[in-house]
Each structure stands twice: as structure tokens, then as C-alpha cells.
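Each chain carries a letter (A, B, C, D and E) given by its place in the written order, and its residues are counted from 1.
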């Protein structure tokens, strides 16, 4: 099925991965809404399967590559040359598969296990890479109707979005700025945040949740110190640790954090004037009501002074 | 003075003519039998003592010949200012030797061009030969029928018959053979070489002439022994001295009495310089031949 | 030709794996060989005498020695045959040690190979010709590029030896990096107190011509006779008139110009004298900040200058100098730590470079010698030093050790504890490199007497918490992660080749390594020479170095120049190209390719054009020889016939 | 010139000619020797001042006259003792390399490389690999009997 | 694993192990010069039995047993901080990953619960083609004998309607299963070739 490319419209294959199907469904919903608003057509890879995530990688990188290879091969068959995934874990697996395919010593085994035709003429990108590099902050700024002017938001990137640099080939590994620039384009103020890439505890929420308690607590504490009212994330696992487990963190540190943790796409949706319900804001564990209040007060004030808001 | 072509000992054989006055102009001819590259005469001492200072010399050139001029100008062996160039777009010249061999003609009275045929009248009758069938090999793969440098263009420019990507079909055909086949091919071809040096003497860019290292003892690269390695080495010398310089005028092959395809050797070198160093000889008077310069940031070598 | 062959046993070095007797016996069969022998140590005094005796006895006209590498002993044996009356070029060497006996234990194959190598040498020798050097007079002036401490030392030593010195400095003042330092290790003496007098000396020497604010534009010529173009950059102040009174600086309304001397911890006026002890003490205008140039108004300095030295129309000026030797002393640059994103990438004002900290410590620095935090001007209490920032780090392309950082951190920590007795100093290090006189004792003192905490491990990350910086590192001795909260973090930024080092090297035709440091001729035996005759190296341009080593090398380079200039003329190497006019066809391709401009054309009386080699400029690379179609130009001692003779032994 | 006649030749008699520049690769070969790095004994070295001195004809001639391999080695590009000699050489030699097989000479018989005076180990590797290659390609059929 | 106090290096060193790790990871272990930056950067150093740099050191010494039975390799979250900052350009996270693979191959896993979680995860993928968190968590809890892991969170998660109760079945799950089977076949062949 060749994809019809309309002028000015970008079409990419979309791989949401298992997390976005369940625990992070609001990431999926909001990503689709935002891409639509930005004129990007997302075509879900038909009958996609799990990338294997960290478990497959720890089992054998070849298994991981083959599991992800299936999704890439399907997308390639459909005629796509770019597949976008919002989940950094999935992205790592997809890119890992491409790396294995390009390694002449491993290609044969990879194809033998995959048992699908695959040319490797496809690249995997993250949602941020799509927003930041393909669409650009200028186009995002132009789409904003309800700027987040009164909000102070810190971006939390997590481990994988830009690391390791040679592998991910996106943004700066120590001080990534893509989300900063997007948030600024949305009108928010973005304080300097030194813990952009500190690890949140990853999958140890399940097996060792005291680790997540400690590490996520540091991140929440730093966000608090720099005066953030909310955290923007772009990883379902980070979001889960920061949001769902915030109560566990509070118990671990004997603190009382109440820090809303939203996906970048949710912030984008809000600034684009999308209703909070359509962005899955209600799915957050740490309620974002306070943020929404601030935003609506802002909107009213703008209206009362005859602001330029449409 | 103007150098051009005129009729030779019979109408089929054209010879170079040197016009020294207006009265000589009637000797000039132009037809597909004008096979010689005349530019060699400008540099090979045939004109010594040179003309008086400040006087220009006129020369008739086809597309291929004009590239020889450019190459000579590049290497400062000629100065552009001293020349008045009559450029002649050329649809190809004939392989006269093949024409003679295949037709067995003799006693030729006259030759005329009728459309795309050559009509040769001898004592008995008129013979018609399709021009296309007797074109020289060099003309079949011609990419530059129009002079690349001239003061006056004598006819309207014409479309090249060969696209650049087809330039080296003959080379590619040779390369389709195995290494051993190629070795046998060149061994049997070059074994015929009698080291008469006609190829060298006809080449407008072979400027050493009698000081060529094929003949000198200081240094002594070759002996006068007649054996295959010596012949191989001679042709390596000839070809490598032209690497990056040869403009494929085909004179070496045309004059070879043993009918060895010696231009093919240079074509291969030209293909290499094109692919490797992105250079085609005899087009840009300002450029330097690639083996006489370097690039510190060369990629792919 | 009557040829003698001497096959060296080199003790058992050669004889152990090569049958030297057999090699000598076989040599007797080669054309023109009239004598062949095997000898135990040919390079020894008796060995050389044996050669000389045989030359006379056997009336030899050429000698082949089969022994070690000609790079080792060719000069030795050339002198030996010369003493016996042969021309030194009637000699050839076959390398049967490095290329034969040492690389294989197969005695039969080695012996066969040695025989062939000897045969090749004999075959070549049969085409050798006696060659003779010519003499070229030496211009006894020396150019020194760079006036840091190495260049200054070289200039003073040359000047003291009576040589005319041309000293070129790119900055407005001489002094280099050392002028920026506060104190020096391991003696803690004041940097400007020991450098200052040398700088003043330079300004007072009559035989030293100083070009400050100047750079070398081009270099031509060769040892003994270089021609150098120097670009004197426009300062917009007539330095012949300027007295350095500083009135213009005080009145200049533009106060935001960069202050490189203070490592950008402060700003300067648009017209400025870099520091009080500057030599020459002259003002210069930074036209990017001068209101006259940027806005077209102002002119305060011009009005106020008591000697009318301001010249807004000044242009760069090109000066030509002719010299016989060149000393390159262009120093180093400091690694730019902004590539370390994990250390803030240069975004944190309280994370500074080692040289910035020197300026903070210096009494003439931006804070008058009081230690302050650049962010808020407050006194720091906890100070962390991090070693190896931009050194021993392959990930930033600097795998080498800078050699000075361990020492300067120790010094800075000691000075910090001196200035602020209540402060705490922490040093993160990997290894301590302190091999120098009193160096390790100095580092021990930092720990033992000054209580500096040394922590063995790299730092992973520095981040702000409140208004302090958190330094997160490892203590590998304990095997744990550690954290230090600091008010100030000093990165021991490493040494790298100065910007533009490669460009200058191209002009001088000297080589440089992958990091841009200039290559010495031999790492042990010719440490200040380059492979270009007459060009010498001093200081950190050759590799990271501390002050004592730079000064020593400055003096060494000066001594080399004096040794060169002790003669009145230079003997040229006769292994140069030579044109055979009979066979030259005047195509002049040799001129097109000669890297040294050593070939010119000439017109003979019959009007024919020929190439001609300037023997004193030719370096003997042979490129022309390889290029010449009729091989009319031949590199002496490596002619086509000589090389062909060697090849013909192997296949013909 | 007979192709089949060569097949009976002894592999022992493989003959490789090396043109080494005096400043870098000859020094590199010396360094390899000083370090006692073991190498095949097939190589015969001709010392030249610079790879720029190596006319491609010096490579072609031995191959035509029956040498089994020719190796040219000089200073690394940009490290030439004569600044640019090797930059000319690499163009000329690369052209030659591509030309040889057209004339029926196996181009694996010729290699050029860059080895500095300090790279003894690299020299050992270059010589061993090249010798291995030549042994694999076999004796030059052009060798005259 | 108890910390070893005297290491009889020759007796315990397995030089082949260094090569195995280098092959599996594609990294040059000898490039590590023990600066400690990996440990300085690692968020998990505090839970490791051996910090990352000591793991590297133990590999350099061929200490196969200590390394493959260490807890550290299973506590590594592959966050890439070590890899990003290593001055010797070693992909330390890749080394850790390779050690996990080797540890499993040699049956020396010490992080049993983590391995168990990974195994259950992969079983679900093999069976359904996708993971299914509602199934995964209780399964893991039971097998790890930690039935109350995250029990505090469960009601909240269910209230938000975030966990589906029916696994999504991928149509091509037979193909996914095939990938697992072919992978296992490939591994056993590889094993045999090695043996």
C-alpha cells in the first residue's frame, strides 16, 4: 500500500508500543491529537508487536533486534521510510534492530530469525525529533492559541532520548534542549534544570521500588528547588515513575510533593487550545487541576483585555 | 600562416597543408576524410624557426583537436594569444584504412559526399559507402564534436552522438573479460608492436620526441631488444605519460601500422582520472592536469 | 669500477641469523667487485680502519657496507671512506640487520635476502658519481616567532651571543601565558617578578627588533637565507609616538570590550593596554568595540592623547625581514572546557578554567588578588579542583597528558589555603604526575601541610543546587560515589596546540602531529630541530611543557642557531636535482610540481627553453624527477639509472 | 609470458619490491627491526627520498618483468618530509593501481600505504598482510623463465 | 556474593573471559584506565555490590565468577550515563548488557527477581505478541514471592481505567512466537558450534 503524500503534509509510520496502549494511553491520545494539529499524519503500523524492551535486550540483543525488526519490516512493506515512536525504550529497540541489520557479521542471523523481507531503508525517530527537527519550533509557535505564559515548567528528558549520542543522533547528551525550546514556543517559562537526564529508576519500580523512590525523589526535589510548577516528560516509564509513584516517593523521603507530570504532547495540546479531556489530562495520578486553573484564569484575563486569542 | 587540410596523393587521402598566403586558400578542404589532428604541428618543431614575434598562426580544428589545444595551453606549451582558431563542428571522420581494406579500391579518380554516403569514383565505376559504417572508432564514441575553444566557428554546432556515461563502452567491454583474457589480449596485440614510435610521433602531447626515454640511454629505461616486456613497458611509458592529459584524439591508433588499439589504453586511464579525480582533459584552459597537482583533503584515495 | 664489499657481523646481531661469510663469498661474483669480506664490528674503530686500509691496498673506487640501517651509520661510513680519499658518495649500504637479521630467524632465507640486498647495493654503486657540496653564505639574523617565556629566552640568548634578533608576537604584549600566571610551582615565586625583568631586557636590547601585534604572513627561502613577510596588524595607535601613559584608556567611554588577558573574567576599554607590565607598553584599539568605528562618533582618545598618536586610518602593514634561521615558539592554547556538557558546558559562572583561577589569584587580576566567586563576588569556602579536563580523554580527542595540570592544581590549592585559611580544597585526580625536581614533594606538601583533600576519581557531573555547585564524583579507592558541595570549581584545563599552529607549519614547511604540536626531528636526539633545515622549536608548541622545560628549550634552540651561525657558509647537500640540458624539452612540468620553488626556466642562446635547478633551494625530494617525461632532470644519488640498476637485480 | 609455465614455480621464490621513503617508512621498517617484529623475508627494499620520487613506471616495470609484488610506502598524508610529495604520489599511484588490471596485471600485486617512522608494529602488519596477499595471488605469470 | 579479600589472581583468572566480553560487547576492555567516571555518573552505584569501574577492573583481571554472579550487572538500568561520559570511549552500558547475557548463558544470575521479571515479560510477548501489564504484574509478584509489590498502586491504576483486563492479541503472534523459536534454534546451534 503506497502512501499518498499530500503536499505540506508529513506522513509517518507510528509505533506506539505496549505502554502507550495501556498505562500511558494519554501519551498516545495526546500525541495523535498534537500531530494532527501540526499536519502530521500518523499511520499506525498494522498489527505491530512488542519491541521486547529491556528484557529482550538483557536476554540477547539479537532477540531484541528480531522482535523490533518485525515492526520495521511491516512499516517498510507499507512504503514508509520513517517510523516515529514516542517511547524512548521502543526507539532504542528499533534503532538497535537497524544497527544489527547494518552489521555485516550479524545481518544473516538477524534475517534468519526474522524471516521477513527487509531492506533497512527506514529510519526510526522519536516524537521529539519529529517536533524539533522535522516540524520545527516556529511551526509549533504558530499553532499556539493559548500560550502557557504563566507556567514554569521543567523538561525532564530521562536517560535515553539523546544517549548514547552516537547511537541516538539527536540533541545534546548532557544538556538536551529540544523540549526546552518546544516549551518556550508554547509560551511557558523554562528554568535551568540540572537533572534533565538523571535516571529516574527505570523499570525498577516493579522489582525494587525503593530505588525509584530515591532517584525519582531527587528529580522531584530539584524541580521543586528551581521553582517548577510542573514537569514535562516524553517517556512513559519516566512519567510512570514521576507521577504514579509520586506517592511512594513521598513515603520514601517523607516529603509531600504534589508535582503534576505531563507528557510534552499534553502541554502542546493545551497550548494549541485542545480540551484537557481530549488529551487524557484526567488520567494523571497527580491531578493537574491547579495548572488548568492557572491556565483558564490566564485565558479569561486575556479575553477581558481583548487579547489576540482567537 | 594557417594550417588546414588539403587533398593528398589521391582524393581519398587528405594531407595537412600550410597556407602562407591568400593564394593558398583554395587548397583548403573539409570533409570526413580530413582525419589528421593538426595541433601537433604547433609544438613539435615542424615550424621552427617559429613565426615572427607578434604574428598569429591560424589552425583548423575539429572538436577533438580543440581539446588538444586546450591541453597544450594548460601546460603552457602554447599561448592562446598566438593562435587564431578556426573551429569546425565534426560529424566524424572515416577510418580510411578500413575503407581501403574492405572495398579493395584503387585508381581513385574522385570522392564526393552524397547525403550520408561517400561516393568513390575509380576507373571503373562509382562505389557508394555509408559514412556511418566506416567512421573511425574514435568518432563512434565522440562526446565533443564541437570545438571547445575557437575564434571562429565555421559551421553550426551539432549534438554529440555519445552521452558522457557511454564514453567508455569500449573500455567496459574489455573489462568484462577476465584478467587472464585481458592479459592474453594485450600480449598478442602488443607483441605485434615494432616500436616504430609512430603512435608517439603522431600524439600532439608527446613532446619529448627523439628525447623519449624509450630511446635514450640516459637514463636507460628500455633496451633495443625486441621482446614482449620491452614492448609492454614502452606502451606503459607512452600511456602513463599521457595519464590525465590525453584528449582521446585517437591519432596514435590511427597511425599504428600494426593496427594495435593503442588509444584504448589511454581511454582506460582517462576513465580512471574521470572517476577518481573528476577530471576530463582538454576542456578548461585554466585547469591543471590532475597528476601535476594534489589535493590534501582528497577523499576515496 | 673497483668495488669492495664489507659484510658486518655486528657481533651476533647479524651473524646469528645470516651467513655473513657466504654473503661475502657470493659478493665476489658480482660485476666490478674486487674484494669482499665479513667483519665482526665494521663500525668500530678497527673496522673503519680496515675499510680504509683495503681502499688503499686494493685501490678501491667504491665501497659497499652490508650492516645496519643507513639511517644509523651511513654518515659514519661516508666519513670513513672520505678519510681514505674516496668521495663520500662512492659508498652504499645494504641494510641486513633491521631489514633482515632482526626480523626473521630463517637463516637460509635471510642469507639469500642479504645476498640480494648486497647485489642491489653493488649494482647501484656502479652508477654512483662523486658529488660535491657547494657553499652558501649565511645571513646571521634569527627570526623568533612567539614571545612567551620560551621565545623570550631564545631571543635573549641569541641577542647575548651578538645575533640580530627579529621577535614576532601576535598579541599586543610579549610575555605569553606566563605573564598571566600568579605564582609558579614548586617554588611559589611570583611569575611576573621573574618574567618581568626578562621582558624589560628584550625591550632594551639594541639588536632585538620586536614586532608585537604581528604575525608571519609568508616564508620563503631556505636555511641561511629565509625571506619572511610579517603582517603588523593595525592598532590605530602610532606606537612610535605612544608613551603608554594610559590617559586614553582611562577616558575611553566604551567599557565592554573583551579582556583576554584576564581570561574574560573582566571587561576592558575599547582602547587598552593589556596589563601594567606590558612590553611594549602601548595602547591599541579594538575596532569591534570602539565607538569611532562602530558608531562613527566619539574620538575621545584622539582628542585627549598628549602625543597625538591616535590614527584611525591606520592599515595593516607588511614588513619584510631576511634571516638565516627561525625559532618557532608559538606556545599553546588552553583546552576549551565547554565541550564537557556534564560540567555545565561553560554555563556556570562558578565553574572556571585553571588559567581563570590564576587571574583570580593574581594581584593584578580582576579581583585584585582576592579570591571571589565570579557569580556573586563572595568569598568561596569550599573549592573543588578537577584534574584532567581535556587531558587523557580520548572522548574529546585529547588522549595525551598535559603534564602541568597536576602541579598547577597543587599550587593553586596551596595558594588558596594561604589566602583563605578557613577554606576547604578538594582535588579530584586520576594519577598524580609529578616527575620533576621538588615536584612530588610539593604535591605531598599540599596534602600534608596544607590539608588539601585529594580524592582519587573522575567527576561525573557538576550541577547547581541553590547557589552552590554539587560535584558528583567517585572515590575509586573506596569504591563509592562521593559528592562535594562547592562554591567554586576549578577545572584543570589541559594544554592543546595553539590555534593556527597548522597554518604556520604549512608556511614553514615543518610537520605537526595529529594534535597540532610541531614535530621535532628526533624525539630523543634532535629535540629542538625540525626536519626543515634552519627551523628550530622551543616551548609548548612542540608539546605540553612547564616553564623550566620551555626555558631550557628556548636556550637549546638559541644554542642550535649559534652553532649554525658559527660558520660563515652552509655546505649544501649535493643530493639535489640536476638538469641535463641536452634532453630537457622545456615542458617545465618540473616547475609546476616543485614544492620548494627550486626550479626556474632559462632561455638558451638558440631560443630553446630549459629548466634549471637552484641547488641551494632544492631539498632533494625527487618529485621533479618522477614528473619529467624525458627524465632530463635527475635527482643526484637517486637517479633513474641507479634505481633501475637495483630493480634489474631483482627482475630483468 | 606463458601463463601455465608459472604454475610450477616455487612459492619460496616470491619476490616483493618495496619502495620506502627515507623519512617515514624506511624508519618504520627499521623500528620494526629494532623491536624484532618478525616478518616474511620476501621483501627487498629500495630506499627513496620520498614517495613523490616514485614514478609509477618504477612500479610498472618490475611487474612487467616478473616481480611478484610491489609495495610503496611513505609518510602519512600531511606528514611528508617534503610537505606534499606523498600527495602527488597517492594520485599517481592510485591511477596506476586502477590501470594495472586493465592491462592484465593483477592489481593486488601492487599496494601503497603510509607508515611513519614510529609505526614499527604497523609496518610488520603491512608487510605480513601484503606478503600473504602475494602468496595467495601466486607467482607473477610474467616472470621470464 | 561476599566480597573477596584476597584474590589469588592466577588461580581465579580466566583470560578467555576477557575475549568473550570483548566479542559480545564490541568494546576494548583494556582501554579502561580506571578513572571511575562510570561509577561517578551511575545512579545505581549505591546499590551495586561492585561499582561499575570495579566491574570493568574485574573483567580486566579475568574474574569471570565474581563478575557474572555480581548483583551490579542486574541492577544496571542501561541509562547510558557511563557510556556517555567515559573518557576512553568505552560503551560501558553495552559491556554491562553483555555481562547480563553471559551471566544468563552461564547460569550464574544473581539478580533472580529481575531476571524473573524479564522472563515473565518475554513469555507474555511470546504468547500474545504484546505485553500486558495487568497480567504481568501479578504473575511477577507471585513468582517472585512478593505478592504485595505495588499493591498500593493497583486500585488507583484500575480506577483510572489504565489497565485493560483482556490481553490484546496480535494477529501475527504466531510469527512473533516463531521469532522466539528461531532465535532459540539459532542459539543452540551457535552453542554447538562453539562446543
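Descriptive notes on the structure:
Note that in this section a residue touches a chain if its C-beta (ideal position, glycine included) is under 8 Å from a C-beta of that chain, and two chains touch if they have at least 3 such contacts.
The shown structure was predicted, so the numbers you read here are calculated from the model rather than taken from an experiment.
With contact taken as defined at the outset, chain A and chain E are each touched by C. In this assembly, E is the chain whose CA centroid lies farthest from the centroid of chain B.
Of the two chain pairs shown, C-D and C-E, the one joined by more C-beta contacts is C-D. With centres taken as mean Cα positions, chain C sits 52 Å from chain A. One finds 35 Å separating the Cα centroids of chain B and chain D. Distance between chain D and chain E, defined via averaged C-alpha coordinates, is recorded as 49 Å.
Each of residues 342, 593, 627, 640, 644 in chain C touches at least two other chains.
Residues of chain B found to touch two or more other chains are 221, 293. Residue positions 61, 65-66, 78, 84, 88, 92 of chain D each touch two or more of the other chains.
Under the touch rule stated earlier, the contacting chain pairs are A-C, A-E, B-C, B-D, C-D, C-E.
Here chain E touches chain A in the complex through residues 43-44, 47, 75, 77-81, 83-84, 91, 93, 97, 100-101, 104, 113-114, 117-119, 121-122, 125, 129-134, 137, 140, 144, 149-150, 152-153, 156-157, 160-164, 168, 170-173, 175-176, 178-180, 182-183, 186-187, going by the rule given at the top. The residues of chain C lying in touch with chain B in their complex are 580, 582-583, 585, 587-589, 592-593, 607, 627, 629-632, 634, 639-641, 644. Only residues 12, 15, 17, 22-23, 26-27, 29-30, 32-34, 36-41, 43-50, 52-55, 58, 61-62, 65-67, 78-85, 88-89, 92, 124, 143 of chain D touch chain C when the two sit together in their complex.
By the touch criterion given at the top, residues 342, 388, 392-396, 430, 456-461, 472-476, 479-482 of chain C touch chain E in their complex.
Those residues of chain B lying in contact with chain D across their complex are 171, 174-175, 179-180, 182-187, 221, 228-229, 232-233, 236-237, 239-240, 243-244, 265, 268-269, 272-273, 276-277, 290-291, 293-296, 298, 301.
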